[in-house]
Amino acid sequence: MTAQGFLLLLELVGVFAFALDGALSAMRAAHLDLFGVVTLGIVTAVGGGILRDVLLGELPPATFRTWYYLATATAGALTAFWGHRLVSRMSRPILVFDTIGLSLFAVSGAQLAVHAGVGAGQAILLGGLTAVGGGTLRDVLVRQVPTILTGGLYAVPALAGAAVAVTGPLLGLEAGVAAFAGGAVCAGLRVGGVLGGWRAPSAPRSAREGLDG
Amino acid sequence: MTAQGFLLLLELVGVFAFALDGALSAMRAAHLDLFGVVTLGIVTAVGGGILRDVLLGELPPATFRTWYYLATATAGALTAFWGHRLVSRMSRPILVFDTIGLSLFAVSGAQLAVHAGVGAGQAILLGGLTAVGGGTLRDVLVRQVPTILTGGLYAVPALAGAAVAVTGPLLGLEAGVAAFAGGAVCAGLRVGGVLGGWRAPSAPRSAREGLDG
Amino acid sequence: MTAQGFLLLLELVGVFAFALDGALSAMRAAHLDLFGVVTLGIVTAVGGGILRDVLLGELPPATFRTWYYLATATAGALTAFWGHRLVSRMSRPILVFDTIGLSLFAVSGAQLAVHAGVGAGQAILLGGLTAVGGGTLRDVLVRQVPTILTGGLYAVPALAGAAVAVTGPLLGLEAGVAAFAGGAVCAGLRVGGVLGGWRAPSAPRSAREGLDG
């Protein structure tokens, strides 16, 4: 398998994991029919990458240039729809699939942005957007406040993983090693954050009073 | 009238119908002022086409290249705002206008995507997005769960109509005939689905329990 | 200071004011942690400009081409998070910062659109979108009905200011003078509208009944 092929495989694993995650979250959040579940699974899986490609001006987005992504996303969402009994026997299935997608997309999104020629800071931000964008679109569609705003550490692991993947090579690390390290950092922070209940400081309660509309 | 002019006329009929539909739905869903109603009518009418043009990289979108689309959308929304008494005497006015817009946009969106050079599967998807995108944006802005997720058969007729318009010519059908057939399939499935109460299978209730957050 | 530098400075003042405004509104609307507040401040500050650049096809958007915008937006949001006690002693701080951002963005967005070569009507619309787009994205993310739909005169001052900035030079006015006049018109209409309670006509109550779904 070539390096190119290996990267595509990793991307598709991320797409499948996010489609599963998105479809499971959607079934929990709202009473949807088959098409609603599949639509939200696909949006979760490919939304972040589409936002990244639009902002980079790489149009049509990668999602629309081959059939791999959409087919994989549909398969993931259908697996969630028909296999949810099996999946729900896993311990914390949404966390598992979400962490896989988040880590793979943060790193691959950041690397694609670097190749497109934007600066390091912007590449890190676009890596984070690739990772959290699809889930945020899904949350907006089912009228939940997005996880990035309330869910403890969600965007931070993605940004940290993207930062390792982008800055590693600048510091002399091999790109593959930096990508692997970035993915591990993202997954570690995400899982540690959820299991350990790590929280960012909240806006003081007083901030909600005394301001005009 | 040239073929070009006939296609533009059809597009503008779709824009007008969707602006009426969007403004009427918006007035039902939320207490809005004149500018809110007109804004939502315009968003419903041109949102799907803008999303399609962004994804195809055809920028600025067609909506911004002439004044026809925005003027027609504004006229449709104002007709709904001032003429709603007249309109509400029709039987099911929202269904009528929505079906007209859905059918015209599914077919024209798919054909534009084919001309832009994407594959057949992606053209069908972009046809569907052209048809349902504007209404979905409107639903998000007035905080309703989008019709594509809950409203029975809504995206399916659009995708079916787009599929007929895209695959017909590949099977030797004349483009105009395929477009007409695609529009008829979309309208038939949509109206039949609403009047007949056709529903897609729902996510099993058990899927809403037993999953972690 | 060059004219170019002066324009950039004005843009950054607008970004800072909108980031403050966005972070303050977000703290009022939902219980968010530090990262949620900063995210919403940044979205409010740069969202409108990103939407404009995407629609103009100027990609990557200006926001991603330098680090100035993102750094300024982050500083504004952090100021709101840590300094909200101080800020809330001001009379109507959200109105003040919002009006500054609205006026600067309506004018600069319209001028950028003119330079990108679109027609006058579209440039006015894109100026309005630059001004209200970021706040609308923020409202959608925290599940509020956007101010553009319900908040009395909000989009109208932005469109009026953009119209003055665009049409002034066509009528022989110097560009800088037209821009200043446009900003003053926008700020005057916005502040006058809020303090004077000006309202656009509402959709008649009867419009909410007698329509099918």
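Which chain is which? They are A, B and C, in the order written, and residues in each are numbered from 1.
Definition applied: a residue touches a chain if its C-beta (ideal position, glycine included) is under 8 Å from a C-beta of that chain, and two chains touch if they have at least 3 such contacts.
Per UniProt, the chains are A, B, C = Putative membrane protein YeiH.
Source: prediction; values computed, not measured.
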Subject >> Each chain counted as touching chain B and chain C at once >> reply: A
Original post:
By how many degrees does chain A turn when fitted onto chain C using C-alpha atoms, rounded in steps of 5?
Top reply: 120
**OP:** Could you check if the interface between copies chain A and chain B is built from the same residues on both sides, meaning over half shared, or from different ones?
**Re:** different
Original post:
With chain centres defined as C-alpha means, what is the inter-centre distance between chain A and chain B in Å?
Top reply: 29
**OP:** Mind pulling the residue numbers of chain B that touch at least two other chains?
**Re:** 54, 57, 140, 143
**OP:** Sort out for me which residues of chain B touch chain C in the complex.
**Re:** 24, 27-28, 30-37, 39-40, 50, 54, 57, 59-61, 64-65, 67, 70, 81, 84-85, 87-88, 91-95, 140-143
Original post:
Once bound in the complex, which stretches of chain C touch chain B?
Top reply: 54-57, 116, 118-119, 121-122, 125-126, 136, 140, 143, 145-146, 148-150, 152-153, 155-156, 199-204, 206-208, 210-213
